[in-house]
Structures are given as C-alpha cells and as structure tokens.
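The first chain written gets the first letter, and so on, giving A, B, C, D and E; residue counts start at 1 in each chain.
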C-alpha cells in the first residue's frame, strides 16, 4: 500500500548557536499513514516537528508539503496549508473554556475579522453558530461534551491531552503532528489514545507521531523514522526498525 | 568657551549624571535577576537615601560618614522588610502582580515620606566643598568626582561581590538556575531577600550622592528611577555591565542632546534612541535572548 | 454595584462635611491648594499663609460677629482632580468665595466651572493666562510675570547690560516667562543671545548653561520655581559664570539659600517686600503690616515667610475685606473686589478694577539680592 | 476566566443600560455626576487596555499618550481650526489609530519588560511634544476653551447631560467589547495570551492580531480623550503623563484581567476610592497604596475575576463531589 | 540507608508515582531503569525535595525527610545530579565546583574542601584544564563531568544521578560509568537513573524497573540484564499481537 507522498523533508539541518540539533535529515510521509519519529532523548525529534510547523526555519534544507515548499513559512501560514499539531508540554489555553479551545482550533475555517466581530453582524452570528456546533460535535467525538464550559485548566491531565488533539483536529488538517500524545497517561488512557489516533487516521488524516511509548509506536505506526544525535539512523516498518541493531544499540546501549 | 571645551563639558556632566542612572539601573537589575520583576520601590530607595541622609546628618547632627552608612543600613533594612512582607506573602507569583504590588508599596512609602518630611526640598552639603575644578577648560564640582568615584567604587564592589565571594556566586547561580541552586543547598528565598536588601543599599547610595547637587525631596526618586530603568533596559535587562553602559550612554546622550541639538527635546531624544535600539536589538545592547521552549 | 457606589459616595460626603460650628453660623470660603503632587511645596506654604490671614480676621470680629471658615481641598496638582474637588465643594458647602489653586493648569481647568457658578476667586497661580483676558470672576494675587520680568529689565537697562541669556523650565510658568522675555527684549532693546529650557525633574542643567555661556551674555535670567532654582544657580557658579544671575519673582524664599547653598550669593530677583521688611524705611506704607504678619507667621509656623506667603496672604486679605463690606453674597463680593482701590497688602498696594484683576504694578515690586543668607534690597 | 454565556452577557447589558438610565433619578449632585463621568471615561480607556493586557497578555504603559492624543487632537481641530466636533472625534480616532499602528508594529515584537519600556518611552515622547509644541497645544499651562459637544441645538454643557453622553459611549464600548471577546477574534486574542506559539500553529497571525488589538485599545483611549476634552473644556499635559498610564493598568489588574466587566469595576473602584480617601486627607496616598498592595497580595486575580473564580470553583467542586470524584485545582 | 515507603507524587495533575516503595543499602549502586515518562526523574525529584510526595514516607538514615526543603535535604547528605546537567552556564567551572560545596564553607575548613577539589580534578583531569572557562561553553561530556564533580563537592553520602549518559558519545559514557564505579569504591552510595539500561545494569548491584509510576520488576542487576521483560519495557511488545487487539 504505497500511497502518494504528502510531506517530504530534504537534507534538513538545524543549528542552535553552532550546535547541530538536526544534521542532514531526510524523510517522507505518505498520505493517510501514521509515521512515527522515535529516538532517545535529545535526538532532535521535537526540533523536527518545530521545523515542519514553522516555529523556526531550518538552517538549510527544504520541507515540501503537497508539492509546495513550506520551510520558510510562518506557523500560521502552515496551519492554513493544512498542518496542525499538539505539544509535548501541553499548550492548552488555560484562560479559556474547553469549548472555546476547540473553537480557536476552527480559526482557519472561519473568517470574521475585527470590525465584523465588534459589531456582531449577522454574518458573524451565523459563523459563531456554526463554529459552536462544530466545536460541540468535536467534543462529543472526544467524549468531552459534558465539560464543554469548564475552564480547560480544571480538566484532568488526560482530558487536556485529548482536548489539545481535538483543537488541532478542528482546523481540518491534512497532516496532524502529535508530540508525545501519551506521555504522562496511564495504561488505560494510553489504550484509549491509541484507539483515538487510529480513528483519526480512518478519517483520512495523515499523522506524524513523536512518542516514547514503544507499545504505542510499534502498535499503531505504519512507518517509523529513528533519529539519534540529530541524524536519521533507521527507517521502515515497525518490524524492520525493531530488529535494526543500530536502533537496539541507540536504546539499550552498546552490546 | 570653544566648541571642543563645550563638548568636553557635556560629556563630563553627562557621565556623572549617567553614573547615577547606572547605579539605579544596577539596583533594578539585582532584583530582576532574583525575581524577574521591575521593582518600582527602587524610586523610593533613591528618595529615601537622600532623605535619611538629611535626617541623620542635618537634623540629628551625626557625622557625614556615619550618616552615610546609617542611611544605607536603614534602606537595606527597608528593602529586606519589603521582601519578607508583601513580596513573600503574595498569593500569586505572577510577574505582573508582583510588579503592581511594588507600585502600591511605592505609593505608600512616598505618602509616608511626604508626611514625615513635608513637601519641601531639603539640601545636603557637598561631601567636600564647592570649589570648581577645571579639566581642559571644562568645569566640574568636587561632588561630581564623588559621584563618579563612588559609582566606580560600587561597581568594583559588586564585581568583587558577585565574582569573588561565595554568597555573590550563589546569587548569580540562583539567577541562572533556581532549581539547581536549591539542589546545591542554596536557599532561594534568602537570595531574593538579599537582592532586595542590596538593591535598597545601592539605590540609597545613588540618592545620597546626587542629593548635594539636586537637593532631595519626597519624590526626587521617580525621574531618576525612570531613567535608571531605561538604562537597565537599554543595556539589556539583568546584565550589570549593560546597566553601567546603558546609564553612561543615556547620561551622555541627554547632555549632548541638550547642549548640541535642543534642550527642548533632549528627553525625547534620549527616549527615541532607546526605542530605536529596542526595535533593532530587542534585548538591549548587551542582553541575552530569552529562549522560548515549546 | 451602582447602589454600592452611591452608598460609598454618600458616606464619604457625610464624613467629609462634619464640620465645626460654634455659636454664629460661619461664612465659608473654599480654598484649594496642591497639597500633594508636584505643586505641594508651594501649596502647603500657601495654605499656611491663608490660615493666618483668616484667624487674624476672625479675631477682629469677622463679618459682623460671624466668623469666616476655610474649607480646604487638595487638588493633588492634577487638573481633573481640581475640577472634582471644586464641584464637591460647590455641592456640599455654601462657599461664598474661593482661594487658590496653586498651579496655573489646575486654575485654568477650574475656570469654566467657576465662571458658570459665579464664584469670586482669588488664585495663587503664577501664569498670566489666568487673567488674560480678564475673566469676570477670576482674580490672581501674585505679580504678573510680565511685571516681574519688567522689573529685571529696568535694572538691566539702568546698568547697561544689553546681552541677556534666558533659561527657563518647560512647565507653564517657565514657558510663560519665555514668551514674555521676547516681548520685553523688543520693548527695552536688549539682545536675547540664548534661550534654553529644561524639565522640572531634571537633575543637571550644565549643558544648557554651557550653551548660554558660550554666547557671551552680560546677564542671565533663570525662570523657574522649586528645586531647579537651586540646581541652575549651582550649575552656573560651577561653570564659573560671573555675570549677574536673576531668578524669578518666586525665588525670594528662605528655601532658596538651602537649595543653592553658597552659590546663592549675589543672585538677584524681583520679590515682595516681605523678605526685606526690616530694611524698609519707616515711611513705607506696607512696613507695619509686613512686620506684624511676619511676627505672627514666625510664631505659628516656626519658619521665616518668603515671597510666596505674601501672595497667598494677600489673596485672603483682599477677599476677606470684600466679604466684610459686601456680606456673604458672591456677586457683591466680586463687585467689591473690582472696587478695591489703594488696599495696602503684603505684596503691594492693590488697585483692582474691571480691567485689572491683579491690581499690582511693577512699582510694587522690589528687586532683592541674596547676601550671606539674607535678602537685601537692591533698589 | 471563562466568559459569561452570551445570554448572561445580554442580561447584564440590559441591567447596565437600565442602571445608566435610572441612576440620574437618584443623584442630584454635580460632584457625584462628575465622579461617575470620570469613572465612565476611565472605563472606556480601561476596557480597551484590558483587551490588550487582560485578553492578549501584552502590557502597555503608554496608553496615557493615546488618551492625550484624542484629547489634544479634538481640542486643536475644534477650538483652533473650527472643525465640527463629532467628525473630529472620528478623525482623532483614525489618527491615533495610525500612530498606534506604527508604534505597535515594532513594539509588540518585544517581550515582557522590553515592551513595557517601549510603550513607556513612546508615551514620554508624546508628553514632551504636548509640553514643547506650546504654540499648538498651549504647552504646560494647558489648552482652554474647548467647545462642549452638541446635537443640533442641544449642548452637552453640564455634568448631568455629559453623564448620558459619556455613559452611552461606555455602554457601546462594553457592548462591542463583549461582542469582540465572544467572537473568533476575541478567542484568537485569548489564545495568544494562553500560548503564543500554540495560537500561531492554529493559524492565528499573532503579530497582526497583537498590532490590531493595540490599535483598537488606542482608539478607545482616543475616544475617551476626546470626550474628556469636550466635557472639561480644558486639557493640560499633566492629565496624560505616565502616572495616568500606571493608574489605568492598575485598574485593569484590580478589576480583573480578561474580563470586560472587570475593567468597569476596576475603573469604578479605584476612581471612587481615591475620591473617597480624601477623607483621610494627608494619609490619602498612603491609604491608596496600602489598599492596592493588600488587594494584589491577597486577591491577585483582581476583584471581579477573583470572586467569580471563587464562586465557580465552588460550583465545580460540588458538581464533582456529587459524582464522587476528586477535586484538584 | 534510604527507605521509600508507599509514596504518591503528583506532577501538576499527573499522578506520576503510585504507591512506590524501594530501599537502598549503604555503598550500593542501585539502578532505576524504564522508558521515558515512566517517572524515574520524578522519583529523584521527590527524594531531593524538589517535588515533595503527597503521601508516604522517605527515611534517610532513619530520619524522615519527605517534608523537608531541598536545601535541608542537601544538608542531610543527599546530592542530586539533575537531568540535563543544570549547570550555572555563565559561571566558571571553578565557581560551579565551589558552589557544589556551598553548605560546607560554613562548617568545614577550607583545606577539606580544597582536598575534595583536588579529588574531583583527579577524577576529571579535563576540568582542571577548563577551570576558568564558563560552564556553558563546555562540550556535553565535559558538562556532565562538571555536573557530577559539582555534586561530589557536596560530599554526599547518597548521590542521585539522573541520566548521566544522556546525549553523550559512547566513549564518554564509558568514562562516566568508570567514575561512578570509582565513587562507589570511595564509599558513596548511588541511585542511578538511566535510559541506557545495559550500561546501568552492568555497573549496578541491584535495579528496579519502573513503568508508568510503578515498580514492575526488581532484583539483582546481573539477572535483570538478561530478562526479556526489560527489553520490552523499552522497545515495546511484539506489535502484531497488539495491532490485532486494536
């Protein structure tokens, strides 16, 4: 099942003050697959996600999404291209309710600007109603509907993680980047999350997954890219990767 | 007076006033490094330095040198009290809340000073007479030398304190990394307390050495503190070398602006340059970038 | 909330208005000063000066047995607050007249309300804009700045000092002076070689004085009130400037010596005669009044009165005189003030009229010099 | 804090409008009217500032400059050049907005204390211009003789009439702010406060929104300034110095950040408090400072948000306890 | 020496340690292994007082320390070498080492402290060369050495080591582990948290395996090194079986 390539990174380098966080990394993501990026701590996984989503530009190299170079775009432009993400350290908007969080996610799907909003024109009213409905239905999907008017900061941790995914999904992305979605969750929550990720895949969304939980990674990924010291050391299907001596060495140490 | 003598005069006076800005900026920095806030009570540290000196020296007749150190001690105590009281008691450690707590305190202290000393400016004698000294055609007062000398002294002391003493190093360590500092057995609370006390002392010195020239009143500190804060930001907030550079640059710029361009817009001129610096170097001249982790 | 706000307001008003009353119903005069904020150093002295005048008046029997009571308000040196304090007074106290405020900007802010309410007001503000054009209800007691500067100009002319440097604060008072000096230069034919400015909060004016000095002036006039009087004088002396220095008509205060220290020696300034009362010839009509007032002031406040006190007290004296004649009727008080002729006050002999709401002229102004910690009469 | 629901907001707005209409029936005192009018003007400034600080998380100590620009532009154009007042107010808002754009665009790229310094520096420069351009502004002695506003032959020439005028504007400012914060843009602003990076990755052009809300808050301040000028008919630089900026930000914080109604309460409480404290005479400043300190030490979320969250937490707590769960903050 | 009994620690809203108990004997090296996010670092933070436990007890030399502040715990003789080294970057190498002995200056003679300084310089000769260099300019390996050296300066009875091999080249890792063994010979007790399980198990006496806040295995390090379960804890279960279930 070799589907079309949706995202391609070519020779990505990223230096922070002379230190290479990523060194000549190239990889591909195929449409409607789950591609996991794994590697020991400090391997450069989060940096890679930050580069794809435009938080910082690469020092050199190119990122191409659906045939368009996105490596110099600002994050919000990239969101409009159809890439959204979650964060390793939760970045839920604590000053807002659960529903509002998801409604922010619908930003790219709406267009009212300052003047219209100030005056609350009928167009805005219609849009608001639509946004609220879509937000509510997303919350239903994520089993958060009963808490939609809670302040997001009062949600338990696991639900905040789900909320962040719901928010990212609200932007109707073609590509969703999940940065450690199960870190800090217990086994039951992790399994729920795994199901959720597979459900999202079924919706036709391509997923990049950065995760340490190997049960999850091996269980749901289609492809895996392994990074160590900012370099790609392995890639392929979970079985291939699991058997790769370089990977075993990176994780368990010298034999 | 030829144009070169004039320029020399502008630079010399600019440097002395700049030295005061630098002192105040250092006070801001020390507390910023320990807590991350802008401490508005710095205004009152400067004010009270002058007023306490006046009280001890002119009202109580205590010798000048003794008065100097007594005033310093008093303000150091005040600084410590502020930290032990409202700052530590604050329910929220959010920076904006702490900053506005210091604004409230500043107002309280200013009101108390007005009540205690009245609204009039009070004079302080120069430390060593008022005989003009001539340097290459430019004229300065002995007090200007005192200002410059004491500022240099304070800077050297701080350099020594922060780089040669264990406590000083511990304070720097705390500013860099609170968690690691506490893992070394350094009490973060005590370091914050110390930083309030120290910046009180430094502010007081600033107030005391400028008072013989400007006289002192219950609200003299405000403008000096405003300029001092500007100097701190100009140099890069938290960077002590930056504070000194920022203070001197601001002082000289003002003086040159007033002397050579227009005395009407000299303050505007100084702040305009400050804005331009910030627009092109958002962390001040010698500041480090604040990295944001995601 | 609104209700709570109302309760707070009413409560506050009740607490504020619990006044004193003994026997005869007192006649109330409002008095608004800058007791806090940047104008406080003048405002507090002014309040004191007015207190003495009122007590003296009440001791003499008040208005047909009714004492006069002063209701004091603090405008915090802020124009908005000044209007609020005034309105509060107007609403809660039956004031027949008003003394103050201290500053030109607070005074200007209050004028529309005062004119509308019809309250005879004697202001302490220095700026001439207060009484130009003449406003029906507004008077001011300090000399016109133009008159005071004219006093200096006459001296310059007499001593043939034709090149003048001018340094002024960037506040209302200083800028007022800057406009006047241009006019007088034209009128008296001296040359204005340099004109520089500084901010009231500045701590050093060396740069400006250096610029002035470079143009070779024969005299320097400095136009400001408060701490900069001392700083400018010191800076000028430090620069070795030897030419005569003149300060404004608010500088003849005991505090000037404290602010300027040794540098004060020889500085000249226009002033009321209050600072040189003991040196006046006995023939001077003001002498007795001045000496009595000074004695009273020194006994009560343990301080020597300066020129500001004289302006403050005169505002009260003139108003009280008018109230005595007219009774507690705002319109009659106002008319009485305009009819005040030849009234001997502390600052001069007042001749108020419908064209002149200050009443003093350049003839009333003394030129004094600081010598060994005292003021002496120059001319 | 979470917003009130739309329905609740509407209810509050109606109560608020009724209060504005009815209050004059109970007040007969010019001074009380004036206090309320000043509260109203401060409220307009603080609402705008709260959109910037409370919602978007960007601190400005420069809004006195925009307040002053509104006042001076209105004064100069109407009194000196004889422009009609109403269009001038709009013109002043446009000019102030443009200036705010050029200042805000580079400034808002700065973070934390650097942003504070930039806005503060800007307002000091504007203040110097008010003082030094005395031929135009009247300098430090102020600018007298500004006409009252009028509609046809009806002139807003006393405190009572100005009460309706000012509070009508306050009402509309609150209305549009409530509209804004409960809209796509309002959510975007709050998102920037919550996490600028996350907001950006969700498609929000954070630089653009920060600049726009800065401009909007400046426009609010300008409107308040114009109304102030036409109400008092005299303005001077003293009213627009950096103390005013500090006071306005204090009102935002005391009322509660991120609540439109908090802005109203903050402005009201502090304005009335400082009037009320005149009772304390010379202890006035001390008391004001002490109360401010105590509120911030013990109620750091501000009065409105603080109490609201307290109430809300209790509600959620009881909800959770009913379900037998555990509650943590 | 150290007895942890049924502690529960919350990290924000995450229940990070669940009824966790373990013990360390004098002069042992105990390794704590497990995948990322299992709660290893949290456990060290809990012992050193950075994130105190909500319930449970921690006794060190029979003294209860679970409610004490980090400074007090350091004074008791437990020094924590945190993850990511946490050096004072703008301070020099020498100053960093000095601050490691912060609490000792008031109690002990300078001579003792200087003796330890020489000891550290012997263990890590490179630090002697870099004495006056700013800590932030050191390479990763040198930083790790400095971090351990700084902890030695506190002369701990128990040293908590968090991921000393993180991000280091293999040769440097070997050097660091040699030093750890040397420390044990010099009578320091060590609790070692490692992701590099094989290296850790090779030098440890005993080990605990941590998974999502609970201890799932414990025992002799030499035994655990051969255990298949350990491998699974890192690389996951066989995925085909898992996928079928999902």
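Observations, loosely collected:
Convention: a residue touches a chain if its C-beta (ideal position, glycine included) is under 8 Å from a C-beta of that chain, and two chains touch if they have at least 3 such contacts.
Small disclaimer: the values here were computed from a predicted structure and weren't measured.
Listing every chain that touches subunit D and subunit E alike gives A, B. Farthest from subunit B, judged by the mean position of CA atoms in each chain, is A. Contact count check for B-D and B-E (C-beta pairs in contact): higher for B-D.
The chain with its C-alpha centre at the largest distance from the centre of subunit E is C.
Centroids built from CA atoms put subunit B at 48 Å from subunit A.
With each centre defined as the average position of its C-alpha atoms, the distance from subunit B to subunit C rounds to 35 Å. The mean-CA centres of subunit A and subunit E are about 32 angstrom from one another, to the nearest whole unit. Shared contact sites, meaning residues of subunit C that touch two or more other chains, fall at 35-36, 170, 197.
Within subunit E, residues 13 each touch two or more of the remaining chains.
Contacts with at least two other chains are made by residues 55, 87, 91 of subunit A.
Of all residues in subunit E, only 11-16, 35-37, 163, 165-167, 170, 173, 195-199, 212-213, 231, 234-239, 242-243, 246 touch subunit A in the complex they form. Remark: subunit B residues 1, 6, 9-10, 13-14, 16-17, 20, 111, 114, 118-123, 125-126, 130, 132, 134, 139-141, 210, 213-215, 217, 219-220, 222-224, 254-256, 258-259, 263-264, 266-267 touch subunit C in the complex. The part of subunit C that touches subunit B in the complex is made up of residues 35-36, 38, 40-41, 43-44, 170, 196-199, 201-204, 206-208, 210-211, 213-214, 226-227, 230-231, 234, 237-240, 255, 258-259, 261-263. Those residues of subunit A lying in contact with subunit D across their complex are 53-55, 74-76, 78-80, 84-85, 87, 91-97, 100, 103-105, 107-108, 110-114, 117-120, 124, 127-128, 131, 149-151, 154, 167-168, 171.
Residues 166, 169-170, 172-173, 176-177, 179-187 of subunit B touch subunit E in their complex.
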